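Each of the next two complexes has subunit A plus one other chain: subunit B in the first, subunit C in the second.
Moving on to the complex of A and B:
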């Protein structure tokens, strides 16, 4: 029990157990159609959550990721749509728009990072305000309308491209966190920013970089979601905010900084997607799904503190 | 007999921490307890305070069985603690802190309300008892560390305490404030309270205590009247072997030693005033001074953590005052800060991760850990939070030695750590100086400065009030200049 509780694979084991229990009970769960649906739901969520985890490890929080997703979605769509887009009909419209979206996302993240470090404001307040600002701006830009008629080359990203992007992001993030100096600095900053500063860690630069990564990956997820919907939407991603935080926390990332892994995050994302999926198949109301997610986050947090206690006991 | 402990044993996860510890304290007596970190002092105090129950053995308090289930029961029986870590709420006032759990009350229309006037009166009486001339309405965040410690003492006195336990109370006190504390302890004694005084400052223990008890590895290693103990005997009982010279022998500094770090006219409003000095290669330069005299601030400015209005800092002749801490580190500056918990270590991380913080690398760290003598179960996995204070301090020092520094700033490098670890840290400092590293040693302990330094600067209110060379070292003289 003790070994399981403190295992880093706890969430993956729980997810597998959840699937094993639900699959025979819920009709339609183990069908190939449903499973592929599950995977396609997971991939973009994994990309945003990994970005969020970078910020959480550095001891911050980014509430604006979903607003960045929405703003990137509409700015990209404004550039490339076939009716009013600046590059309408241009064969380079799709790649240029993708680059533009990524650039916008990274820039918004950079702004978040600068606000947190230069204004010395709490990350929660900064990203809460930028969430409203970015989200509001996205709605204003489009007069709250969806933008369709996106180039087929762009919409084509929805299939195999999504898988590629998610895999590349996960591997790169894993390597960065585990093996790069930037990764070490992220953890150090999250554990003790003052000690890091005294030890010569460029704490401000590391923080700004973490928010930039979060913005960039939110933009990448925005590309995937937008391509899947074939529409630029100013409210894209609004519903997934809870999922992002839930997946990160369930995946073992500490909201106090200094702890979190890509593997854990992927397990957390799997768990959240599985929960969503099974409740949907059961025909549970959308609002009850929220309640269920709340309960799961609570349980995850309790398990986490139980594991901390077990680890801590050996000490006293 | 006020307090009697009979063969108390306690183990955690099968590891015995206390073995058959017995002790007595009579009314009006001061029992001094000393022991290295990990000897079981904290566990013993936690048992007294009702935090843990002993596995075997029993306690009597004023001839009644004493088995507190929780700290509030211990407090109700008249057992009071003055802790090493300050347990005050900085955002509350002194009076609010003193009466946190039992504000004087009055009934208004049948509702219990706080009787502010009674609280203020009681608080003033308690503050008088510790000779702290402050208004009870002062927020604690405005007090110095020393004043806060005295508020802790007042808090312990507030219930008519029968047993008062002081756990390392002087670590944050100036010499003056310590003297005041000793006066308070003597008055407590005269009132018939029993006092337990735990400290690494052996001279204080010897001076205050009527009887002394030395703990080693969870057992009573020696006990007896204070008169039977010399400091050497205390140390050898604590360590279990005679510990040679605490301060290593140092060769006199050659007169042609090259200047390494020069501070010229450092001035920052209300912090430093025209601070000028030169640190030479191979020199150990001490900075004495009371808390708030600007000694820590001076180090922070030298390292680039705090701003400075005027003045120049030269490292080997090149100005560095415009550089960030990171760039100063690259040029060979290193800074062991005063508080390893707040700005020294990554507490949840392992020893190796901490050592790699300054100079990211993965190889060769084990040898650094060995060089500073860190002892732990697992260098990679065990969080440094779990290490003893001495081992933590060795890690905090070790991270600066991964690539050798040219100038090492040390702010209270041996605060709150045991004799064995201190001796090792002194040995490391002396060895570094031997290789030509310039060392700036800031300390509240004058013995440490006179034992280690080639020269001592005395700071007072942000200025350098005196510079004393080794042949003229004299405790009284240094204190006089500092005041």
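Moving on to the complex of A and C:
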């Protein structure tokens, strides 16, 4: 039991246990259609959560990811929509809009990183402020209206494109964190920024890069969410922040920095998606669903924390 | 640790027990996806749909998207995976529901939209919606008649909902249309955007009353926003009963419990009522008919009605808010 508790795959094991318990009780849970739904539901969330994990590992937090998703969604839609878009009717509208969305996301992340490092402001305050600013700007740009009539080539990304993007992002992020000097700098910065600075780690540049990655991946998630709904929305993703943080923490990322992996994050995202999926298929009442979700996430986090304590004792 | 795992298993089993009610001899299962249940109107509608389904021996599989269109899409896909017999959706907006309808069409599952119609597309669905334009027009026409009982020019204000919501636009247009014939005597001095948000409504109406202290007529696009208007009027000493000097003619839309209480106490002149009983019955009937292969019109309009102090006793039994206990 101690071995299971301290396993790096504890969350994955919990997710599998949850599935094993629910599958016989919930009709349709174990069908190929539902499993495909489950994967399909978790992919965009995985992309945005991996970006957040970069910032968390570096010892920060990015509250603005949901606002970046919304702002990228409407800016991309303003460029490519078939009615009033700047590139309406142009065959290059979809690829140009996607590039523009990614550029906007990376730029917004870069601004967050600069504000945190250059202005020496707490990440929480900076990204809380930018969350309001970016979100408000998205609403102002569209006057609260959704933008539809997006090109079919763009909407087509909602299918196989989603899987491709998520796999590429996960592999690239894993490789960066495990096998690159930037990955090592990121962990070092999150563990002890001052010691890292003294040791020659370019802490400011690493922090700015982490926020830029977060912004870029939020934009990539925005592309996937927007394509899925075939609509640019100024409130897109507004309610997913808790899922992002829950998935990251359940997946073993520390809110104090210095710890987190892509594999753990994917397991955390799977757990959150599985929870949503099973509560949905159960038809649990709205008045119970948030409580049930909160309790299960709390239990998973407690188990993770117990595992860390056991690991700490083992080291001592 | 062993205890922890036991608790998890127990919790999962309890969840399964409390949620899955599809076993037994029901006539089928209908997936019901609400955007939110955070106002009385949605709760009353949810309860109405649940009652109508029960009446027809149909199980309800419910999901609430908490204002997130993506989550709602995932929930609808889950319904389709579960092979429900029909889907009822209260969409977040007109555009994001279109891919959901397409998915249901592809799976051959009938889909009915409650309260909000979809944007124009090739996707096939049925919508049950209140005639927002006409109900608002009739309500505001009544308010204008009350305001014009006093001599001289009058000033009017409207609290507009979320302009991404087609119902909010229809209510705004109904307001403008009703006041057109009185353009010489009633001037619209303030159009306040609220995005269905009470704080924004309070800030907006407070500013409007500051800029135009003699506003005589206020229409709120949803009764949900009435407390904001009441608060602003109280702070200026103008929250007065019908018939008192300086009373601001006040009207709303929805017919919730707050509006009912204000009507009975004499502070509210009128409100346009969405007939929740009609809407929920028509919605469930539509999904049943579609499942049976019958033809159902693309839009089923709820004519609604205006309730005011003159007809309160007569039509209150049809006002859903009158049945909500506060």
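The working rule: the second predicted complex is superposed on the first by the 309 of 316 C-alpha atoms of A that agree within 3 Å, B and C clash if a C-alpha of one lies under 4 Å from a C-alpha of the other, contacts with A are read in each partner's own complex, and residues count from 1 in each chain.
We adopt the following convention: contacts are C-beta pairs under 8 Å (C-beta built on N, C-alpha and C of every residue); 3 or more make two chains touch, one makes a residue touch a chain.
Just so we're clear, the structure is a prediction, and the values are computed from it rather than from any experiment.
Partners subunit B and subunit C fit side by side in the overlay (superposition on subunit A). After overlaying the two complexes on the shared chain, residue contacts for A:31 are found with subunit C alone; subunit B is out of touch.
When the two structures are aligned on the shared chain, A:202 is found in touch with subunit B, with no touch to subunit C.
In the overlay built on the shared chain, the residue A:184 is in contact with subunit B alone; subunit C does not reach it. When subunit B and subunit C are set side by side, the one touching more residues of subunit A is C.
Across the overlaid complexes, the C-alpha centre of subunit A sees subunit B and subunit C at an angle of 130°, to the nearest 10.
Contact with subunit B, but none with subunit C, is seen for A:259 once the two complexes are overlaid on the shared chain.
No C-alpha atom of subunit B lies closer than 19 Å to any C-alpha atom of subunit C in the overlay.
Interface residues of subunit A, counted against subunit C in their complex, comprise 1-2, 4-5, 14, 17-18, 21-22, 25-28, 31, 33-34, 37, 40-41, 44, 139, 143-148, 158, 225, 228-231, 233-240, 276-289, 292, 295-296, 299, 302-303, 306. Subunit C contributes residues 1-2, 4-5, 7-9, 11-13, 15-16, 18-22, 34, 37, 46, 60-64, 66-71, 73-75, 77-78, 80-83, 93-96, 98-99, 119, 162-164, 193, 195 to its touches with subunit A in the complex.
Those residues of subunit B lying in contact with subunit A across their complex are 12-13, 303, 305, 325-326, 329-330, 335, 337, 342-349, 353, 356-358, 360, 385-386, 399.
For subunit A in complex with subunit B, the residues that touch the partner chain are 181, 184, 187-188, 191-192, 194-202, 258-259, 313-316.
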